[in-house]
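Please go over the structures that come below.
There are two complexes below, and they share chain A, which is joined by chain B in the first and by chain C in the second.
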Partner chain A sequence: MGNILEVKNLCKKYNGFELKNVNLELPKGMIMGLIGENGAGKSTTIKSILNVIHKNAGEIKIFDLDHKKEEKQIKEEIGVVLDDSFLSEYLTPADINKMMKHIYKNWDEKLYFQYIDNFKLPKDKISKDYSSGMKMKLKIAVALSHHPKLLILDEPTSGLDPVARSEMLDIFQDFIQDEEHSILLSSHITSDLEHIADYITFINQGEIIFTKTRDELLEKYGIAKCSKEEFERIAKKDFIQYRKNRYEYDILIEDKIEFQQKYHIQVMDKPTIEEIMLIHIKGEK
Partner chain B sequence: MNIIISNSTNTPIYEQIKEQIKNKIISNELKMGELLPSIRSLARDLRISVITTKNAYEQLEREGYVETIPGKGTYVANKNVELIREEQLQKIEDLIDTAVSIAKLSEISKTEIQNMLDILYEEE
Partner chain C sequence: MKAIKGLITKDLLQLKSYRKTLIIFLIIFTLVSIEQESTNKIGSMLAVMMTLGFGMFSIATFSYDELSKAERYILTLPVTKKEVVLARYILVITSTLLGCFVGLILSIFVSLVMNHQLPNIENLLSIGLGGIFGIGVVEAIQIPCIYKFGAEKGKIQMFIITAIVAFLFGGIAFIGEKMNISIAGTLDWISNILPILFGVMTLFVYCVSYKISYGIYKKKEF
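Showing the complex of A and B:
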């Protein structure tokens, strides 16, 4: 099983912000969720991959091709949704179809209108008058209608209500029924990723903190909750970080079973991605 | 086929899938040679990650309950009846072992446990 996307030592420097040696590998047929605070570097990473902004250093390969040299060919086969809309809001879905027909060689008019129908989007209404859920669905319909192999989505679920979000997740899972297809999506709504993402990559202050499978993070990691006295007898090497609260210590553990054989802490919670993120960002060692 | 996933237990999701499919094979609800749903469609229908279902199938395969034919799919394996019986006996032994320890702890006699067992077995 090869990788559909490979990022090696990507660096990008802005005034006051830096992406430092970002490495990513996304295998075929998988969904990777990019998580992190606002301003952590999620969008910068995505935009560098798409060559919308110019990287300072590093190597990026999509379908085994250099993302800059073979940009045209690559872009025929990726579907993109960026946070800030790239479509004029004064266009109707029908107008967009006319435009896209000339942009993508593989644009599939029939498929596009099928999505428009499935998503119940009015064809002759300009998207300015759509709800935010409908706008997002329109973007996704556009991103899917030229038979891409890779979807790159920046915050596709933000601003959507739970029902619309769940519909989005269904669309993504349908997309990867073909095992040649992959999805890279960023989100700060981590509960969405908890279910469907195969890999979770956590980025903080321009650096990748980890890439783990969903199962490793959610089934193997644990959060031990204990008193100050209990905390003091835990060796530093046995936890990742901890967070001191008023009444208890929250300690992030990499392997809860192994840890429990040694320490027998009474409360060991199954973590959520959000908690893992929080202890990483707010915690100490 | 029903597979019921709980997000609030401590049992990992791949473990839950594995156990439920395994039980269906043991009870013959899933028959030898039957095609299981593909990793991807099962992931979609359960709304979980592909890697999770893959994990479950791989463990089932390692334990000899299913067989994957590349490019075709995953099938219920030729059941090794002896092996399954062995495994079930082991499970029962472990449970009885627990029962005996509790009994000894509170000075409950062997006869009392045997009587209990008789009654319970008849009820089934």
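Showing the complex of A and C:
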């Protein structure tokens, strides 16, 4: 199983923010979720991969091709959804079809209008008059209609109601079924990632904190709830971070079984991805 | 070339919303031209105004992309930065030429209806070419300004640079006059090569402008 996307030592420096040696590997047939708070570097990473900003250092390969030298060829095979950028709102879905059939070699008009119909989007209405959920559905329809091999999605479920979100997640799951397609998606809605992502990459202050499989995070990680006395006898090397609450300590553990065998802490919760992220950001060591 | 066609299609479809404004523009200036006494005045007014109007309408597509923050998304499509800039220039130049053509046709039509005579075609073509050159210079300044400062902010810079260029041309004419260099005397031989001169100069300013715009756009981040 080869990688569809490889990012090695990516660096990008802005005034007051720096992306430091970002490394990512996305295998074929997998979904990777990129998580982190606002300004952590998720969008900068995505923009660097898409070559819409100039990286300062590092190597990016998509389909084993250099993302700059073979940019056009690569972009024929990727579908992109950006949270804050799309075509003019004065275009209708029918207009977008007229444009895209000249842009993509593999543009599938039939498939596009099938998505438009399934998503119940009016074909001849300008997208300015759409709700935010409808606008997102239109972006997703466009991203999927040229048979891409890789989807790069920046906050693709924001603005969607729970039913539409679930519908989109099903489409993303179907997309990777043949083991040849992959998805890189950033999302604030970490519960979505718990449903679909195979890998979770957590980025904070421009640095990758970890890339783990979803199962590893949800099954192996734990949050130990303990008193001050219990906390004081735990060695620092045995936990990732802790957060002090009013009456107890929440301690993020990488291997809950091993930890329990060593410290016999009674209360051990199964963490959500959101809790893991929060303790990493807000917690102490 | 296919990608350029796609980008131009997008811009033309965006301009659909300007249809009514364009029709009103055509009617108003056709009516105003009727008031002119000579066929020459009708010709110069319509040719220049239509060239200017059509050119400016096409430049409005920059604002559409800026307002919807489309530039970043467009660069995620299989298009190069060169194609994006080239598509814009093709659209603006074609619209300017089309504007001139519409202006010339309208002026022939108005002259025939109002004065019952055909205007001097040679004269009309010279006016048209002069109009294209003048408006071409303005557009050639305006487009790199938009790429550098944005469609909205670029308007102020464009105005300043256009004013500087106008002063520069005015200054040269003024110095020439003071130094007793007779422009009128040179006009005879200039008028013979005027159409070619305008054509070459227009092409030259657009080429320089394209080079500058692409240079700016290549370095830009989205």
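The rule is short, and it goes like this: the second predicted complex is superposed on the first by the 285 of 285 C-alpha atoms of A that agree within 3 Å, B and C clash if a C-alpha of one lies under 4 Å from a C-alpha of the other, contacts with A are read in each partner's own complex, and residues count from 1 in each chain.
As a convention for this text, contacts are C-beta pairs under 8 Å (C-beta built on N, C-alpha and C of every residue); 3 or more make two chains touch, one makes a residue touch a chain.
This structure is a prediction, so every number in the text was calculated from the model and none was measured.
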item: First, second, both or neither for A:219, with chain B first and chain C second; value: first
item: Partner chain(s) touched by A:196 [first = chain B, second = chain C, both, neither]; value: first
item: Which superposed partner A:169 touches (first chain B, second chain C, both, neither); value: first
item: Contacts of A:258 with chain B and chain C, given as first, second, both or neither; value: neither
item: Per-residue touch tally on chain A - higher for chain B or for chain C; value: C
item: Partner chain in contact with A:117 - chain B first, chain C second, else both or neither; value: neither
item: First, second, both or neither for A:90, with chain B first and chain C second; value: second
item: Chain B versus chain C as contact partner of A:180, first or second or both or neither; value: neither
item: Partner chain in contact with A:109 - chain B first, chain C second, else both or neither; value: neither
item: Chain A residues contacted in one complex by chain B, in the other by chain C; value: none
item: Touching residues (chain side chain A, partner chain C) in the complex; value: 47, 50-54, 71-73, 75-76, 78, 80, 82, 84-91, 95, 98-105, 152
item: List of chain B residues in touch with chain A within their complex; value: 10, 12-14, 40-41, 43-44, 47-52, 55
item: Chain A partner contacts - residues on chain C that touch it in the complex; value: 2-3, 5-7, 9-10, 13-14, 16-17, 64-65, 67-80, 221-222
item: Residues on chain A engaged by chain B in the complex (per definition of touch); value: 29-31, 169-170, 173-174, 176-177, 179, 195-199, 213-215, 219, 270
